[in-house]
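Naming follows writing order (A, B and C), and every chain is counted from residue 1.
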Amino acid sequence: MQMQRETAYDPVFDAQEHYRLLLDAMARPGKINILPRLLLAIPAPATGAVPSAVTGAASQPGSRVFTDAAALVGFALLNADVSFFVDGPGADPASRYLLVNTSARPATLEEADFVFASGRASAVLVEAMKKGSLPYPEEGATLILSVGALATEPSGLGMIPDGAAAGHTGNDLALTLQGPGILDKKMLFVRGLNATLMEGLQQSNIEFPLGVDTILTDGDGRVAGIPRSSRIRWEAI
Amino acid sequence: MIENKKFRSRYNFAFIDESTKKEIRRKLLKAVAIPGYQCPYSSPEMPISRGWGTGGLHVTLAIIGRDDVFKIIDQGSDASVNACNLRDFVQMMTGCKTTFDTTEATLIQTRHRITEEVLTDKQIFVFQVPQPEPLRSVERYEFRTRQMHGEADYAKMWVSLYESFVRHGDIMLGAGYPVKVNGRYIMAPSPIPRWDVPNLHQSETLYLFGAGREKRLYAVPPHTTVEPLEFEDVRFHIEDFNGQACYQTGSRRAFLDELFFDDGSKQFIVNDSNYLDKLRLGQPVKPFTNPYLEQIEP
Amino acid sequence: MGYVAVKGGADAIGNAKELVEFYRLKEQTPPITIQQIQTQMRLSIDKIMGEGGLYAPEYAAIALKQSEGEVFEAAFILRAYITTLQRNYYSETIDTREMFVRRKISASFREIPGGQVLGPTRDYTQRLLDTSLAEETAETVQHFLADMAHRIEPQRFAGITTFDKVIDLLRREGLLQPVGNDEDTTLKDITREAIKFPAPRSARLQMMARSETGGLMALGYSSLRGFGNTHPTVGELRYGTVPLRVRDNSGRVRYIGKIEVTEAEMITSTKTKKKKSIPYYSIGYGLCFGQNDTKAICMGILDRAMRSPDGKSPATDAEFVLYHTEGIEAMGFVNHLKLPHYVTFQASLSNVRAAIRKGQEKAKELV
């Protein structure tokens, strides 16, 4: 398919506005910010449950593997100086899309500075990512997850989408976050996020300052941040 | 007639090129994710001297938007000559509104003071930092201080504080008192007076630090523990003005400057110029509160 | 209170800026042209480009005029200018064997391929103040140039070719230490990332290439005087023009012009840790924009010195050399002491007064 550069995106002012929302999200873990809708031509992922070779994550009907918001996060942060990896079905067109629009270099999961994946990915994904080193912990990678929905309360996650009910495995999670940026504790409700992925993240960040920083995005432009400094608890709801 | 365009200069919004802005932005995110950790960055050249605020400018210019309201102070004063120069530069490069009013600003850059008025979650506060490495006075080599931070090996620092106490009866550190952030990294808060240090702790606002010459960025997110280094029996304390008050407003709960007049007499005055203006005009103010300030008679 | 007057700061700096212009122009002498500076202050231009890190002779001339002859300030102006420029390519590696040589000397050998070519140098002139320069006119200039023109023999141009290097001779004979695995060969770009220590050689050489000449000179000198272990010989010093090439988007290599550089290859012996190992020669390398013998030679001395740190000599200490010869940063920071520091000072006053009070109270108790 013809890979177009996005013309609807302003690399100066959109990048700046979106970045402020991301900075705020990372400074206040669990807080949901909304990236404005832009008309993006993101390639659709391969349909059918073609599992990712790396993590075994399958595409779920009704869920986007690579949300518009994830693309906007990519545009805000990626350029020729960094590398990225896209996981899951639809990885190839998504990779090409990012390459064309940011000039960032595709790399392996183990080397990538930025990893784009679906919330359905497994712990294997996070285990393989860069965690940084003690003198240079910032070399740990950033994980950009595309999930079904983000909300400040369970009802905000909305109705279970039609057609998904049969395959819906009750993967709504209630996350409780504590640590820098949070007064006492902060709850975040997520649909389409594997508990095992959270486990993998928690394990990766146990040796703080080493670890991985996460940005969650959903199909309605919502973003939330979980820096490696956050202590995470979760339960299925 | 052929127009000579050769020497015409046109500047990118906020001066810095977009590629470099992205690098600074990525590093700031990592700095926020690892509170108190000094993240190396490219520190591009600026038309302002190194050591005169290039790091603060890097942070400001990388994050500022068209709708921001920008305030900049130096030693607490908006009118200080260097603040004026930097304000001009930012204004010229962004077209942003600038202000002297702390509560009106959305983005504040500072040299060596935190404002007396409390900062909110709608504001970002950027420090200019001359020496980002709190351990530099006890270890001159960068590759060693890196290791010390990586392994949380801060013994040398504690020993030097103890030695200061043994020699002088107190920890003789003035501006730039070292703090421990999030229980992990020892951080240099920039040469702010002790007076301001408690206002870093559990604040509402995001604090960002830029050391341009040394090429390091770091951050203290809101609601983060920031503890000045102290011993159980030798505690941190803020400056003691010995009961002095501002001679113009009578305020005792603000950091004061000492003024010497032509006749040799001496008076104290509130240092924060905007705070002083508001007090003099009888306008409402919302100062920071913390346990150390509360011990002073208002 | 003009320094921090209530609202007078902006006025003060505005006036200072105008005064600077006034001082530059008040004597009403004819404005110096950029071409005059570029052509008659050639070595200042070379130094400014070398310390600013931007090869742009015309802009360097403007900067020198703007700064009233202050080379630090002019280099700073050029360095700041770099940030406004778009960076499109990395050039292909320059091979100085391709240099069109204007000057080529060696102290290590009496005769070298192509001979010893002194070129334009003041090395063997007497530093006697030439007051006749006060009477120079367009006429005297023309007269001199006409005289020179007579003495140039165009038929000898064809014979000028590129020359083999002295180090190539040493290498062919197996006298040069092969570059070992512990020599860090990572390629860094110091303008794109902060230097991390221990720094690879590419970073050290890049930093020195834009270091302030005086700083390098002081440290290079210290190494020769006993505050170091490197006392090398000039294997070869070259000054001339080299072609610059870049690879375009299609992969084709294109010539984009030529630049002047000075290159120094300093020959030293290696310090060996193992007993009975061969004391090969090694090279300390220096390269900078324009004609600047001092800088290239000192780069070579310090390149070598930093590879054998002895734990006590500043010239062998990479962090010391690289941080402190960075002219723009050094100038900025030492001058920043002029900024108001009264809050910082007030903070220390508070401590000292409290300590004195405590001391006095203690003294009273003892009485």
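The rule is short, and it goes like this: contacts are C-beta pairs under 8 Å (C-beta built on N, C-alpha and C of every residue); 3 or more make two chains touch, one makes a residue touch a chain.
As the structure is a computational prediction, the values presented were derived from the model and not from experiment.
> What chain sits nearest the middle when you go by CA atom centres?
B
> Count the C-beta pairs in contact for A-B and for B-C, then report the pair with the higher count.
Looking at A-B and B-C side by side, B-C shows more C-beta contacts.
> Can you work out the whole-Å distance between the CA centroids of chain A and chain C?
Here chain A and chain C have centroids separated by 47 Å.
> Measuring from the mean C-alpha position of chain B to the mean C-alpha position of chain C, what distance in angstrom results?
The computed centroid separation for chain B versus chain C comes out at 34 Å.
> Going by the touch rule set out above, which residues of chain A reach two or more other chains?
Residues 81, 136.
> Residues of chain B touching 2+ other chains?
Correct list: 12, 23, 40, 146.
> Counting only residues that touch at least 2 other chains, which ones in chain C make the list?
192, 196
> Name, in rising order, each residue of chain B that touches chain A in their complex.
12-13, 18-19, 21-23, 25-35, 37, 39-40, 63-66, 121, 124, 146-147, 149-151, 182, 184-185, 202, 206, 219, 221-224
> Residues of chain C touching chain B in their complex?
Contact set of chain C toward chain B: 3-10, 12-13, 62, 76-77, 79-80, 82-84, 86, 191-198, 319, 328-329, 331-336, 339-344, 346-351, 353-355, 358-359.
> Give the list of chain A residues in touch with chain B in this complex.
The contact residues of chain A facing chain B are 11-13, 15-17, 19-20, 22-24, 26-28, 76-82, 133-138, 140, 142, 179-183, 208-209, 213, 227-229.
> Within the complex, which stretch of chain B touches chain C?
Touching chain C: residues 7, 9, 11-12, 15-17, 20, 23, 40-52, 54, 74-85, 88, 111-113, 130, 140-143, 146, 168-170, 172-176, 191-195, 213, 215-216, 239-242, 255-258, 271, 273 of chain B.
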